[in-house]
């Protein structure tokens, strides 16, 4: 199966600080890869290098089939417009059916009443859902998620996880960065543990169980201490 | 092209749905009628005074538009990362800048239209109330002048985009734009005044050269000859007007190209 | 009153007691009354001296032009409003203390003229206030004569010539101004006639007649009759007849 994303010897340096250090991996269709690491490990920077928001110092990334869709860690949305207007813009820009906008909002369980309200009136959780709808609208082949569960309550997390799994089964590839190990284990097929800009370990997730989550947490703790 | 038009329309809506935009729109309908009050204090050249006040208000609200609508829009894009919504569509950085710029300029059009319509109606009233003191066709002159005065603000908006392309946040964008605006405001009449022998003698030569050099780099906000001539219904040479428009439009295009080059190299965190 | 009662009822139903609401209303009323009392008992703004009594110079022009930026004509309008204020303050001041106000008046007139040389109100105010209120004839003439390249109207130059002749008794200054006034496209028979009378007084009838004849071709048709009448009057007048016959 051809890779939807290939990262080759990717490095990023800010002044004398090497934030991402010679990282290589690939991602295939229908695969979900998690990025786990302490704050400052380089996860968000690597994702931004993949998206083209940050220029890498060395190395390259390639996503031949389509451009990745992105959900940032703290999604900021234009507050004077509604979520529906925002999604309709995306549909219009990508030449998609405008009806997809409403459909995407329904998928993330954003209440119908709020579709046309200005985003300034949304709660944190609603904004996160709107941002997620924006990211998943149009069924992108490659999705980069940075803390997708941020701001969601327990029920919201379950709904979002279920949605992401559904998209994964439809063939979308996910690159997900999160601090919530249990969520990562439920969705991802493998997890890259990062520390000081390097991939320390590539952990294969086998049965998505709680024990695996605990094992992963202890591995993370070990690498973080080192 | 689809993406460009979508972004232009989106930007237009994003700006127009803000409360400050609606307040500004409402104010611009009222302002020409309010300006008739101080105009009535004058004696002979009431039409000219009314036009001066309208042109001054035009400068004021165009400047206010840049600082209170355009700057916050770009600050949100840059500081809060809203631009990543557009860039990860995907959309090229150059297209994003052009789309935002044209959107920002397009959202001035409804404001300008309302202002002109209200001012022309006020001119009709003034011509009928003060027939000996308001020249006929003053409304038409005002329309013409408004279009011309808009030109340097297109260039200034392009400079804003150039600043935002490299700036780190709201403080830098606001400060640099204010500095550029201040220089553009004050420099051209100073350079004109330096033509006077008495002033030139008391000014060191290097000062004049420095000011001239800076003036060449920045858009020429001075439309004083245009507003003065139109207020007194003096003729404007078509070649001069054409050159004036070309100067500002090409400056805006160059500034946007430079902004694209700067923005392409930038890391967006 | 009924609206107020309705408001009272509405507020009381929101959990605010009637007593609280009455106290709040009383407090608001007291504050409004205090503002009104303060304003009515604050003496009106009385300026004892103008903000500036500097002499106008080209450097001042430089700074004002920089300040005005792309709206110099508006700066001229503001100068006129300042002039109205200066005049009001000056007339409220005893006559012996008005000198600083007249200096400020001169400054504002120069400022207005420099910012917008086409502005007729500046010249009208110069004629009325600077010449005859402030009694600064020379400065008034200087400002009025600056209108020549800008205005088609002969009025400012005519008034300048009149002031030079009548007040300063200086026909050497008055005659060139009068001739310039007569040269204007809208010069009326009054302007032409005044110039010719000054020329007659200085250089005699022949010069005055020559002047009038030179203007006959350039004035609008509606004014030509007036000049023809003046020529005839001069030719038929005793003084000129003697002069012309004496020459012959």
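In this document, chain identifiers A, B and C correspond to the written order of the chains, with residue numbering beginning at 1 in each.
Going forward, a residue touches a chain if its C-beta (ideal position, glycine included) is under 8 Å from a C-beta of that chain, and two chains touch if they have at least 3 such contacts.
All values reported here derive from a predicted model rather than from experimental measurement.
Using the average of C-alpha coordinates as each chain's centre, A ends up farthest from subunit C. Comparing each chain's Cα centroid with the centroid of every protein Cα atom identifies chain B as the most central. Distance between subunit B and subunit C, defined via averaged C-alpha coordinates, is recorded as 33 Å. Inter-chain spacing, taken between the CA centroids of subunit A and subunit C, is 73 Å.
Taking each chain's centre as the mean of its C-alpha atoms, subunit A lies 41 Å from subunit B. Within subunit C, not a single residue touches two or more of the remaining chains. On the subunit B side of its complex with subunit A, the touching residues are 2-3, 6-7, 9-10, 13-15, 17-18, 76, 80-82, 84-85, 87-91, 265, 267-269.
Those residues of subunit B that touch subunit C in the complex are listed here as 38, 41-45, 48-49, 52-53, 55-56, 59, 149, 152, 185-190, 192-194, 196, 198-199, 202, 221-224, 227-228, 231-232, 234. Listed in rising order, the residues of subunit A touching subunit B in the complex are 48, 51-55, 67-70, 72, 74, 76-78, 80-81, 85-86, 89-90, 92-95, 118, 134. The residues of subunit C lying in touch with subunit B in their complex are 57-59, 61-62, 65-74, 76-77, 80-81, 84, 116, 118-121, 124.
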